[in-house]
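Order of writing sets the labels: A, B, C and D. Residues in every chain begin at 1.
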């Protein structure tokens, strides 16, 4: 039984505590931490009897009863805790982003590489969604030739006033940033953002829709329509165009209804419905791997690459130009 | 140029006059007839200058300027005109039914066979619908094995008060009666009608929905859900289950719209939209054949078989039993 | 933690032991039993340390360390164990069939009713398949009017030589028997079986395909195409025709591939793939309910009704007639 | 009856002669012209008795028996004939391109505007394809908000060795150039071409695939995946993303086949199949309009705009930059 400590007891933190406690196998939450003691106590309640409560994440990390750590604190707090966890050699599941700056990401990556052990998995849960896995598996068969182009949409019914233009990168397309390079097993070289005609239904602080274009080192070109106030649904699509075939991700099971001169089926409006199983699979996989002392999911390099690519996209949002993705060379440790 | 005379200038008659005049090639309407002179004149107007007007269909049939005849008069009037046309050896396109009784159908069939020439084509336009043709062609390849079962639906948004239970056979499933035996190239042996729970939205004179089951001589079993007050659309489906595959008829081109949390596409509510092209193709094919002195479409045997099968279905509506389809043996002339 | 005893350690028994041990929450297998000690030991191994091994199911049922019982023994052995479990008042999950004869089913039903407690859940796992639940939920909204007709297919790629005609009822359509009456909340009144033209790819002992028709007390008519040697896939479909709408079950997520002039998507060939999640949900729900001292899943009445309906279908396979489903009146205890 | 003269009797010319003669209403081909007399004679044969044969297109244009003209000669020959036709005030259907240079297009446009009569229709037949019309009609309802983005694919199974990179613009995406600005009723402002990873199945002279991006004056952004050696089919798609909905073009009727563990439907490999009806509709509409002395289809401005946009795209293929579409201001005459 893997003994897990959870840092950060906000909504997502409590969700992960509940997941580990009630929906996955092989782990239990033995300690939680939050800078707000009240929050930490609420988290501990979900975990059940005997769960320790910390307000200092360092103490949790160093608790000898804690085998592995889940970090769900705000992004700016990740770097320090990740470095501490690396120091004590414990496996970590860290919600995205890895860190809030590319420099910090690199610092963590260097520390992990220096430690000689793969310790950190990033919370890019979409890699565990059946639809993407089916496509990746299909590509891997080689039957369809090399992938050349990916067309994606990331549509969302609406966003609050607080959502601004760069968040389209950091909070929304960040998923495609990770997913797409993973699906075709390649890293990014350059990006571009096109601002089409804007919907009148978005508030002033946010450009919407946006078309983000990412090019991998081998030239695979990924276009992502990011439309966060599309009103009609949470509509995620992915089509990979290969040399001999086009592969389109399937849609989840839902009834087809003929009524009122219309054949219709539901489009989800809730990302937690679409990716519900993926969240569980992600944590289950991390638990299984951590128990075996390995990491199979998105790793520190992926987190670093996502950070650098996101920075380039934000720059491209303003410049309107093709912007390079300037990463260090991929360390052998991550190859 | 085939010179056509049209008998019957009601709605359907005028529609065929317009079709021959304006939408098909190789024929022109040179004479029309209707027991109501006013009606005949309206028909002639559509045909344009020089079109003769009759109130006596026999005169039209015998007019030496008329090469071929379209009969769109009420069903009870068909028999006499068909016999007359056979006598003078002119090609006929006759709207369904061939005649209103199986006996009359047989009389016409015998007369045609005796004449030694295939003269009559019945107005089962669905044989000219692309969707059915594609399925029939697929079956004919042999690639899918023999057809064993057909599942059909014939759904209609609503019917008037005047529509009664036997009309579900004579006006509605009559299309599947002809179509299904043609698609699998077999004749009927027995039928059954099941009355499921009834919709509360139908008026008193009509049972709705009904499930009609038709069995061919080789045992192919066809079930037709006939639901004429289904409210939601004119929804025609056909799936043929073969030994190695199931073949489902495609649907016409229509946009897919994502809006309000729903992905939807239109279900037609109008049979004339769905079969618009089929009506044109049917008449064009008859014109082409008549000009060559042949008949390729549904013939007199098909009309006779439909009449006998319909009678058996009406009997089965009342008896609840499996009823035989008692036809004479198929004359060699129609094999 | 619910302490579970499992009776029967064949393939399905071991699968349930693994499920309870590794894929569901809140229960552990503390005892197993099999008439073959070797089999029981294999089962115990999956459950892990401390699991007791019995060869006499009665001892397992009476073991005070066992809170609840899973019966996965051959059908003929169910009756006695069920009666024993009722005697000691323990909750049971029993794989179908409840018993092999309607009389035995009734004996168990009477005993349970006399005990005053709902103790037994039957293994009709399809009720836990998302697709069916979505349709049942849609019906329950009332938005579509009353259900009138259900069209189902139960297609299977192929069956072994040992599979015979009655097994099309007992092993195959038994699922639809339970599922369909549950979806529309009604019991059966009569049944019919139609034997269409037979596929040449089936062996001699089995009629295939068959069309089974079941009529509920309110007249809802269910047709099931049972085609167990269809070659092309495990193809389960369900369409419910209501007064205002037709509801068709969705299909599982799978990629759409355009290649070689074809747009295609996979049809499963394995029932355990299609219903994998359903098996887990079924057992999880039973564990949760057993822990609370209730039964929510298919109950003893459902098992009895299925047995009587299956008997009528087997009779109908031979008679070709509409056969009544002669159940006792539904006891108040099960309403 | 509109008396039509056809200039150019190559494959496409003969196809139009056949169309006017045998598949459309209200016109007949009374004269044909080709620089090769043999070709002209072949064309005349299709038109039937009495059709005049010219080798000088000017004579045909000036023939008083010719009411209207169809130009299907090579592109370089269009300009002179168009100017001549304008001079004599006859209606013209001109296959694309209008002229081979933007300057020539402008010359023709100026001449037509000066003549004060709309005389010329361009052969962009896709505007007559039902699928596009349905989408355009849907947009026009206003129900879905303003269009913001269009995603298109223009995939083709394979191209000959003679097909080179600029032809992806001039022969392939030229259709989307016309179609997309028409669908959203806007003109182009700038374009860009992205060269993704290249398929190894294309020959050396052609870059494939390409992503072409066109921006309208109001900012609507159109991306077209042009993949002319995709191997799998002639696969045309169009999705218009509006403020409240995404509208995807429907696909033509085709059977759905379940066989060998796969559900599949055909992807056409032949553009003449997909757009067969559109070619007929296009010519029929031109005949109807010419007879009434109007032009409803793609006009001279559309031809000029297409030429300028195509030039910008070819430039963008080489520069990799966003290139402006420098048209003159739209003359009032074309508004």
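What we mean here is this: contacts are C-beta pairs under 8 Å (C-beta built on N, C-alpha and C of every residue); 3 or more make two chains touch, one makes a residue touch a chain.
Just so we're clear, the structure is a prediction, and the values are computed from it rather than from any experiment.
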item: Shortest chain-hopping distance from chain B out to chain D; value: 1
item: Chain at maximum distance from chain D, centres defined as averaged CA atoms; value: C
item: Inter-centroid spacing, chain B versus chain A (mean Cα positions, whole Å); value: 59
item: Separation of chain A from chain D, taking each centre as the mean of its C-alpha atoms, in whole Å; value: 45
item: Touching two or more other chains - residues of chain B; value: 231-232, 235, 244-246, 258-259, 265
item: In the complex with chain B, residue positions of chain A that touch it; value: 157, 231-233, 235, 258-269
item: Sites on chain A touched by chain C in the complex; value: 22-23, 25, 130-131, 134-135, 138, 144, 244-259, 265
item: Contact footprint of chain B on chain C as seen in their complex; value: 145-149, 151, 155, 194-201, 209, 211, 213, 215-216, 218-221, 223, 225, 227, 230-232, 235, 241, 243-246
